[in-house]
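Two complexes follow with subunit A in common, the first pairing it with subunit B and the second with subunit C.
Coming up: the complex of A and B.
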């Protein structure tokens, strides 16, 4: 293999690819990136952790087609340190790959490309396109609620399913058992009859990074076990979480009759301020809601107390309820408009938070009892 | 085969299977008889671990001549004057021991009542001989020779003389611990193993039997509640062992083994001692006889309490109270071996051709040995000299070390240990361990003030367990709720968790509940939930405390010492290690050979 590629192009692609590669691997080839130069002037870069696979195509001048694998992190570090605007020459022969740019030369150990594992996609019967912006919205508004608790592995991702509501919709939900976030978008063509899937957290994180550079739409192909995101230059393929997402619609309260309307910014800032004195582990903030007056307070046995009043619209019977300040901030941070609806029932019941009835995103938060 | 009534000798042998299974069990019966006879001193002689011979001599009230033969009959006893078996006040009462032993060995029973003559009777494997006169002081002497000699099947199942001896020693130890008023002498193969004077203080007797160092490292337990009294001796949390073998429980003077003790001890010492270390103790419960059933098993090593939870509570609060009063005390004397360490290492230093390479690590020993050195060796020591600092103490704290138990800080060694001068010695404090403990105690007080915050679960977690485990957890629902775990029954074999302690964050609730079920089964207490909460607190305490390696000013050091003095349990760190030790003046003098 002999090819020349611009340093900036190589760096950008390797940046995407190397984050899929785990830092420590028991299988040596998983540390490597597959570099496949083809005769039509493109180089394919590919990396995998056996659950997630990324393939990225970049332009290059290919003299001799061929393929090899080298350590992804090493090559990325090299590309990062090469001078800006330089041309990088890649030459692979006899189990070594020569990387040359300007007067710098690196001779890297390689592993044979035939050993490189490739995720067998199998048939992906469901196929649809989603605007990149819609996908960004889905991810941004739900990912904070993804659980990190390994024993409930089926919560370690974003749940995607379609429903008739009564209009056909695609819903994305994530929960960690304490709070839930859900985004609803119109069902794209081709998504009807789609199986329910749970996309793992790592795939979401990589996908979100790639989406920053995509303007148009993303093609999604999926089966009950695999999903593939085609973003033009890059293709991300991931195994899905093999589990059953809980029937979350049961926990979304429908009868919360106490409605509080409040400015999310002042609410957020108030919570953030009073939470300063809360101790690290239990950041409980008490929210006392009276007619058109909301009092936020925190009591810490070590530090003292803090309170702040925030204006808001409220007409129902007064209520006092506690929340984990961090959870509340996570949710309020997602609200973009200048008003948020907080639907309360009582101090022990789940609370519903959303911008308004038409907003695609809704959040459910369990209170904390102090 | 027709059904027939078994002959008396065979019945005795069968009964012997229950009461006498090895020399130690025969010995136990004999010593108990001696104690029941009101003996003031008991001598036990063993040959070959009791396999060849056991002899127990007491100075009790003895047996009358015409009753000696009766004593060798089954179910003949003087210990149940009426029919009230629930009212047993003696150690024995079944009237089985002597005939059982007599049916499997050659038993010689000799006895003399005060003012009467002595008589002897031999029972050789169930065959009773004629009664003969015997010359002896008042009391009773029972000799058992050749146990199981005629029953090869039994004999085969006995262990080596050494392990039979160990079992016998354990029995003597337990019984001697229970009765510190009685003198005991124990000899094995002509060697005197134990010699305990009568009328000892309980703590002295216990220390002598378990571990002499316990004498300096114990707390006395005394608690009385609703007619039940608990007394005893327990080790300080800094004095512990690797196994729970040295925890003895006595109920009305009777040594018993009970799981109750294990759980209660674990609960009482939970915050002070690492999970795999065990304190040493001997606890004595005095319970009204109707509250306890001793007639559970012929060997009487088990008892049943009418109200086990109450007894457990007694033990936990008794231990707790004693430990609370002990406050910052620790096993705080540098023990004998460490004093020797100083001497051993210091002396070769004068002769060694080159300094020992590991000296800088043992700065204390090195400094001591290094003083008379000079030249290049002096230069070597200067390598670590800067780590020990002795700031001139400000005038206002320089005086009066006698006012403070932990003394006045004089400096810091290796940026890790505070050196303080107290009225009666030199005190070394591990600054990190001590401060960590202080922070944890403060945090725990804060936690105790308010209820534990609970994070309600959006998706209640169903935990499947077996039915008894669910029952046990269900019985503790209220207590668990106070600790922040809201749980309810969900069908016969599952529990539903509705809220978990907020401190634990997104942790594995299922695992927690499973651990709890195991704890409740094994220890009768929700140790793992408290344990996890404490672990979070302890981790925070660890991060929030002064690290080893930080230079402290004298004012800071003194502040730490003063806070340690007023904080309960500041004597040990969260893992049961001491936070400070004292080198008494006497110990220092010993190092210099001035005593």
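Coming up: the complex of A and C.
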């Protein structure tokens, strides 16, 4: 293999690819990126952790087609440090790859390309397209609620399923058992009859990074065990979480009769301010809701107390309820409009938060005892 | 090698050693501290003696508790068996070769536990400062005892007499001013013996002591010490702190103090448990994933039973694999919260296991442990309680 590629192009692509590669690997080749230069003037960069695989195509001048694998993190670090605007020459031969730019030369150990594992996709019968912007919305409004609890591995991702609501919709949900986030969008053509899937957190994180550079649509192909996102230059393939997502609809309250309408920015800023004195141990912010105002307060045994009043529309019986400040901020940070509805029942019941009835996103938050 | 000289210079060169040094000197230089009275009580060939007590046919015969199966190890050997060189932790086959007439007896832990409780009740008549090391040995601090007896020797004799009367078994005891020496002393006149080492005799007692017998000097350290020409406590004492640190790192301060008969570790009534684990040795080595997972399932169940019984629960799950060639692999994972049931435990354990598959050779042992224990009554738990959970049912 002999090829020349612009440093900026290589760096950007390696930036995507190397984050799929785990820092510590028991199987040496999983630390490597597959570099495959083909005669048509493109280089394919590929990395995998056996659950998630990324393939990215970049422009290059290819003199001799060929392929090899080298340490992804090392090559990325080299690319980062090479002079801006330089041309990087890659030359693989005899178990080594020469990387040359300016006056710098690196001779890197390689591993044979044939040993590089590729995720067997199998047939992916469900295919549809989603605008990149819609996918960004789905991810941003749900990913914060994904559980990190490894024992409840079936919550370690975003659950995607279709439903008749009664209009055909595609729903995305995530929960960690304390809060739930759900986004509903119109069902794209081709998604009908798709199996329920849980997309792992790592795939979501990588996908989200790639989406920043996509304007048009993303093609999604899936089966009950695999999903593939085709973003044009990059293709992400992931195994799906093999588990059953709980029937989350039963925790979405329908009879919460105490409605608070409030400006999400003042609410968010108020919570953020009083939470300043909250410590790791006391994350609870108390929300006292009474006629047309709320009082936010935090009591910390170490630091002292804090309180702030925020005006709002409220006419029901006064109520005091506690929330984890972080959780509240996560949700309020996703509210874009100038009003948010907080549907309360009592201090120990799930609280429903949404912009309004028509908003695609809906959040359920369990209180803290205060 | 005169010690004072090197101490002076080492303190200047390595400030760290001064800190360690002074820590261990404290109990000796602090004139106000009166010497403690520590007894170490150790039952003689405990499991084997219980078996011989309960079955007259076994009396006077070489017996081994445990070790009968193809992969078993001897848990205890009677004194008759020890004459042949049979020792605890020895594979059954080897024991049989050493002593062809050896009788293998199945262990009855319930019986041993019952005796252990009887013994503890005897200790409690004298003091509550009891630190059990296992079912058959314990440290007692009798400096201030319930009966106001000044003589620790007298208490040790009384305890041995009461144990003999009430359980029909014999115990050996060591009496001294700290745990290190009391334990070494109890071994001195075994079986059915008593050994007293007065504070002023401590240094001389240690000087003659082979280093390998010091509790805290394992076989590996002992070999290293031997290669450095350190065989007795006296040899050890000739080494300055700094030199010990160079060879033994963090443990140096313990060895340094031990050589001088010093040990200020208190008798802990309740040793804080750091981990809970369960392991199983297989009759034949296994390598197939399915079989390994089946075994791991059983182990996870047993571990969970112990975890729930102890009320403690841990956030770190550790898998131990001992391969056919005795190489040991351990892999662990720390979770954000403790597992909630045996299946959770198995999920983590199996994930750790699968990451190691295929094993280079079959495994002879699998183990699963939980550490990083969370006190169920601790603050952290209350905090978790305060956050209510969604009811997925």
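Convention: the second predicted complex is superposed on the first by the 370 of 370 C-alpha atoms of A that agree within 3 Å, B and C clash if a C-alpha of one lies under 4 Å from a C-alpha of the other, contacts with A are read in each partner's own complex, and residues count from 1 in each chain.
In this section, a residue touches a chain if its C-beta (ideal position, glycine included) is under 8 Å from a C-beta of that chain, and two chains touch if they have at least 3 such contacts.
This one's a predicted model, so the numbers in the text were calculated from it and none came from an experiment.
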Exercise. In the superposition on subunit A, see if there is space for subunit B and subunit C together, and answer fit or clash.
Key: clash
Quiz item: Between subunit B (first) and subunit C (second), which does A:301 come into contact with in this model arrangement: first, second, both, or neither?
Solution: first
Quiz item: Is A:154 in contact with subunit B, with subunit C, with both, or with neither (first, second, both, neither)?
Solution: neither
Quiz item: Touching A:106, do we find subunit B (first), subunit C (second), both, or neither?
Solution: neither
Quiz item: In the superposed arrangement, which partner chain does A:178 touch: subunit B (first), subunit C (second), both, or neither?
Solution: both
Quiz item: So, does A:26 touch the first partner subunit B, the second partner subunit C, both, or neither?
Solution: second
Quiz item: So which bit of subunit B gets in the way of subunit C here: 116-124, 134-142 or 530-538?
Solution: 530-538
Self-check item: subunit B and subunit C footprints on subunit A, overlapping residues
Solution: 148-151, 175, 177-180, 246, 248, 251, 281, 284, 322, 324, 348, 350, 364, 366-370
Quiz prompt | Complex contacts: residues of subunit A adjacent to subunit B | solution = 147-151, 175-180, 246, 248, 251, 279-282, 284, 299, 301-302, 322, 324, 348, 350, 364, 366-370
Self-check item: subunit B residues touching subunit A - in the complex, by the definition given at the top
Solution: 442-443, 446-447, 449-451, 453-459, 461, 499, 502-503, 505-508, 510-511, 536, 540
Self-check item: subunit C-touching residues of subunit A, taken from the complex the two chains share
Solution: 26, 148-151, 153, 175, 177-180, 246-248, 250-251, 281, 284, 322, 324, 348, 350, 364, 366-370
Practice problem: Note which residues of subunit C are touching subunit A in the complex, please. | Solution: 333, 335-337, 339-340, 344, 347-348, 355-356, 379, 383, 385-393
